[in-house]
Amino acid sequence: MGEANHGHTHAYGDDPWTARARDLIRQHFGAEAEPFFVFNGTGANVTSLQALRRTFEGVICPATAHINTDECGAPERFTGSKLLAVPTPDGKLTPALIAGAITGVGFEHAVQPRVVSITQSTEYGTVYRPDELAAIAATAHAHDLRVHVDGARLANAAATLGCSLGEACAGADAVSFGATKNGAVLAECVVLLDPALAADFKYLRKQSAQLASKMRFVSAQFIALLEGDVWRENASNANAMAQRLASAVREMPGVRIIQPVEANEIFAALPHDAIAPLQAEFDFYTWNERADEVRWVTSWDTTADDVDRFAEGIARACAAAVLQP
Amino acid sequence: MGEANHGHTHAYGDDPWTARARDLIRQHFGAEAEPFFVFNGTGANVTSLQALRRTFEGVICPATAHINTDECGAPERFTGSKLLAVPTPDGKLTPALIAGAITGVGFEHAVQPRVVSITQSTEYGTVYRPDELAAIAATAHAHDLRVHVDGARLANAAATLGCSLGEACAGADAVSFGATKNGAVLAECVVLLDPALAADFKYLRKQSAQLASKMRFVSAQFIALLEGDVWRENASNANAMAQRLASAVREMPGVRIIQPVEANEIFAALPHDAIAPLQAEFDFYTWNERADEVRWVTSWDTTADDVDRFAEGIARACAAAVLQP
Amino acid sequence: MGEANHGHTHAYGDDPWTARARDLIRQHFGAEAEPFFVFNGTGANVTSLQALRRTFEGVICPATAHINTDECGAPERFTGSKLLAVPTPDGKLTPALIAGAITGVGFEHAVQPRVVSITQSTEYGTVYRPDELAAIAATAHAHDLRVHVDGARLANAAATLGCSLGEACAGADAVSFGATKNGAVLAECVVLLDPALAADFKYLRKQSAQLASKMRFVSAQFIALLEGDVWRENASNANAMAQRLASAVREMPGVRIIQPVEANEIFAALPHDAIAPLQAEFDFYTWNERADEVRWVTSWDTTADDVDRFAEGIARACAAAVLQP
Amino acid sequence: MGEANHGHTHAYGDDPWTARARDLIRQHFGAEAEPFFVFNGTGANVTSLQALRRTFEGVICPATAHINTDECGAPERFTGSKLLAVPTPDGKLTPALIAGAITGVGFEHAVQPRVVSITQSTEYGTVYRPDELAAIAATAHAHDLRVHVDGARLANAAATLGCSLGEACAGADAVSFGATKNGAVLAECVVLLDPALAADFKYLRKQSAQLASKMRFVSAQFIALLEGDVWRENASNANAMAQRLASAVREMPGVRIIQPVEANEIFAALPHDAIAPLQAEFDFYTWNERADEVRWVTSWDTTADDVDRFAEGIARACAAAVLQP
């Protein structure tokens, strides 16, 4: 961003930084990919979804999807459409779950399913494998549904799978590709993989208040991440730290890891009385208050020391909780 | 309607028919009630819900609610808000179910619960008793939530309960009071029981395309139903015919009634192979194809003969299905 | 409607009355026409406009258009789109006015013009001639714009032009065809003349709360109007009564007719002090309070006596106003 | 932003940078001011307008307002409301123009005026003086209308007026306070001056996709501008460079300055044939192609040399155009 802060250039993306960032997106997602830089993850999701459906068409997603639980209803507000939320054990849709949500087709009283939205890696820290992605896309397209991938943590999935960013969301028509969680300051990108969607997308972005006048400062963040594979180093570190933490706590008395640890998140059930003391010392989110389940997220700049200190804190808190009368 | 079709009068509700119908609504719902006539049930629901919440506020409702399943996403479209749908065994919310849906209050990432919407009688043909209504209203208001009643079949509930229309939706802030299912041709009414909501409601109705220029023809239908308690006779007949049908089939081999029969609907599980032949002869809806569950609805003008012939048809179809190899 | 009120039939338009009404619409608008019955004029306009554009696309219309001035913002609310309102001398768009409103094409900051909406006959009681309609459609289609006709008074225009209903809106992609102002009780119809629009329109109608469950009562009104050309008799009477009134007042001292009288409306400037006394006796609308301009509307059932009595009243009021010191 | 890029902190604005930026906003706008940081000017405008009105309420603004002409219909899209655009000679509303736009109050067919939106400095580079602001606020509040100020260039107005930022928008209920045009990279702020609006605003911001997770990087830009009055130095430079340019071209043959130069914009009519050659060399916007009117904008970092070179280019282009046969 510092380098982009020299001299004047054209506004609204007609600048060399944005051109370079667009090229890099195409290198990582495929030659047909059409990138549109936006401000944040919700902005990427709601502009993507606007492009993929009409108001009477619904979006099949896991009940745990960020679009369903953490965007204050922005998807409904921007699209006027219903989310068709499906309970899942691990945050992942499957062909069977998708097929079960396709009902009322042709019946004017029912919302018409039109989009499948999955998150890679999921809100539970699990990762869709290539065969799972292929099966979802095949199911969706067989029913004339479009595929959206919320890729706020796509880099983590690609790092886990050892594949390219494009391969980590194969089959998608539109991707919300996140940079903010992978080291950027404030930068997300809608990557359209169906070029037909791109023709009008700039209007949707502008009308949705997601067009930056000084876009080069957003673009520069993508250049920093996508040149020299900084994105993979960052994501790999986050993933490795999650594994380190999981190893440290897996056998710890009182701790029960409740989801596969496949990216940079760990979900664990703790003794009820361990949570508050631990949160007094460390900052993390109680995922499910009633079940005493917590979420721990590792970051691109988390260190082994950070993890080890946190694991010791968990051990202390659990031991104290178990000892209580 | 024929009587209203004489002479000229003012448009948009400034006519004696509408004045009379408004008086009658107040007689049945209470002196403070503010009626606004609209075209159909979806129109009544979406204008009511617009009055009760802002875009970031959600509507707690049963998963089976008509607003959630049968309005092609109209509530989301008109309000921009999320429906917070709660699974129920019998189509009825309870204080405990409502309390369980009140989460994320004050957390800007979460939709803020603001309305409880119940249906009286429910989409499963069950009826909220007065104590249940009171408990729901108390729970809602204790959490600063408003109460909406989808009363498409409110007359049937009042007939079952032996109470007034107003008592059948006690505690509501806004009611979608339906006439079409109770003998009218095309007439519904939003009844606002919190007068503060009424000040601006005429604009919501107009902007939502629910204002009739020749409103007297809508109003006249309410006069026909509400004078001399035609509404109660019609609803009582429908309810009685449902009881007659339930009695006729309850012990029938192959038939299993799966919801309490409290208004004018019967939900039954049938032998899989009985459904198609029966539908070839009679018109009814398969509620749940996977579970072979059907819905039978009796009407204000259903006769005992109609019921008896239908019951014989059910007996024949079930017997044939059971006999199949 | 009385005839439709016998026996039971399928709901939501799957009935013989609706089938018959649909056939009649096709006879009057062309074999390709796809009719969708709705409740009122605003409902017809907002569902039509939803079908014709996306949110970032605008609707070019006269500043005096009903959609711009008299629907409480329903078009913006339902479509999320901007109306690009163009001042006109007589309520009529022209190719030059349309071309002048087509700006910013391809520029992401500007609403993209996508629809031309005209009213036939206009809100000023003027009528587009066939050559004018053809020129508008040619201009619109040359710029990849769709044509919408608000035909709340289409019958009056067809009666004036001596042509069919379809010819009176030639070149349109979608028409809001009104029956209520021409003698019906409560019935309007969206007529889609581009069949591609029809595929999904039923969902737009349902989601917009414009689907009647007992649709046969709406359809029956169209049958009454379209069989035996009742529509033309009604409209011709209204038009003839407007001419009678115009003749009676044209030379009257103090009265100045300010728009061509081509359908069933007369716009006149009156002495300021004549308006209030006249309105105490007769019901009409002050179109422009600051300019002392009024609108007089004749109806399908206005009689020569009605007109003559009204003309005498005008004469009295004007004479009294002129005589005032 | 560099300083904010050290260490970890809480997300979504619960950080010391944001706390400091909020304090600074209050120092400049008043102790009651409630700031909400967002991404861009359109985001600030659409969240402000959402807070100020309901869907059936309209926004009175100059026809040249950015919200009316340059946001691709975002205000209509986000609010569902109509903009009531008023032609003005100089981009400025007046009490008389506002009063003229207040029509149809209480009439359900008409959009109800509810907000007055002005731009300070205006899109024509003119500046509201304190007495003009006071008169507008008095008129608005007398009619129960709220006042919104689009302050994308508020700093330029305050520099011109020699007053504080708060004084430059006195009487406003909500302000879109822009930093991007005054030297920031990507930062705007909604400043709510009616505390009652602030209670729920965080939900509107989140649902409108304008909440930054790493908000400290937005806040840091406001700290840089508002500490030590960098904002005023930047704006004063831009304004001074506009005056320098105006002085240089005012007497130039062929150039006609068509708006008062009061901030950092100059509007000029040029010889038709001078525009294209000049744009080949310098980057500026043709405001009105049909009238050969252009807009020149000076910036916080424009130098006297920049201006002098540009003025020479204008002289050359005009001379060449005038000399053409």
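In order of appearance the chains are A, B, C and D, and numbering begins at 1 in each one.
Here is the rule we go by: a contact is a pair of C-beta atoms (placed from the backbone, for glycine too) under 8 Å apart; a residue touches a chain by one contact, two chains touch by 3 or more.
Predicted model, so just to flag it, every value in this text is computed and none were measured.
At the far end from chain A, in terms of centres built from Cα atoms, lies C. Interface comparison, C-D versus B-D: the pair with the greater number of contacting C-beta pairs is C-D.
In whole angstrom, the spacing between the mean C-alpha positions of chain C and chain D is 40.
The mean-CA centres of chain A and chain D are about 34 angstrom from one another, to the nearest whole unit.
The mean-CA centres of chain B and chain D are about 49 angstrom from one another, to the nearest whole unit. Counting partner chains per residue, chain C has residues 55-56, 71-73, 77, 108-109, 203, 206-207, 211 touching two or more of them. Within the complex, the chain D residues that touch chain B are 12, 50, 54-57, 108-109, 112, 200, 202-207, 211.
Against chain D, the residues of chain C that register as touching in their complex are 55-56, 58, 69-73, 76-77, 80-83, 108-111. Within the complex formed with chain D, the chain A residues making contact are 1-2, 5, 8, 10, 39-43, 46, 71-74, 77-78, 180, 185-186, 203, 206-214, 217-218, 283, 299.
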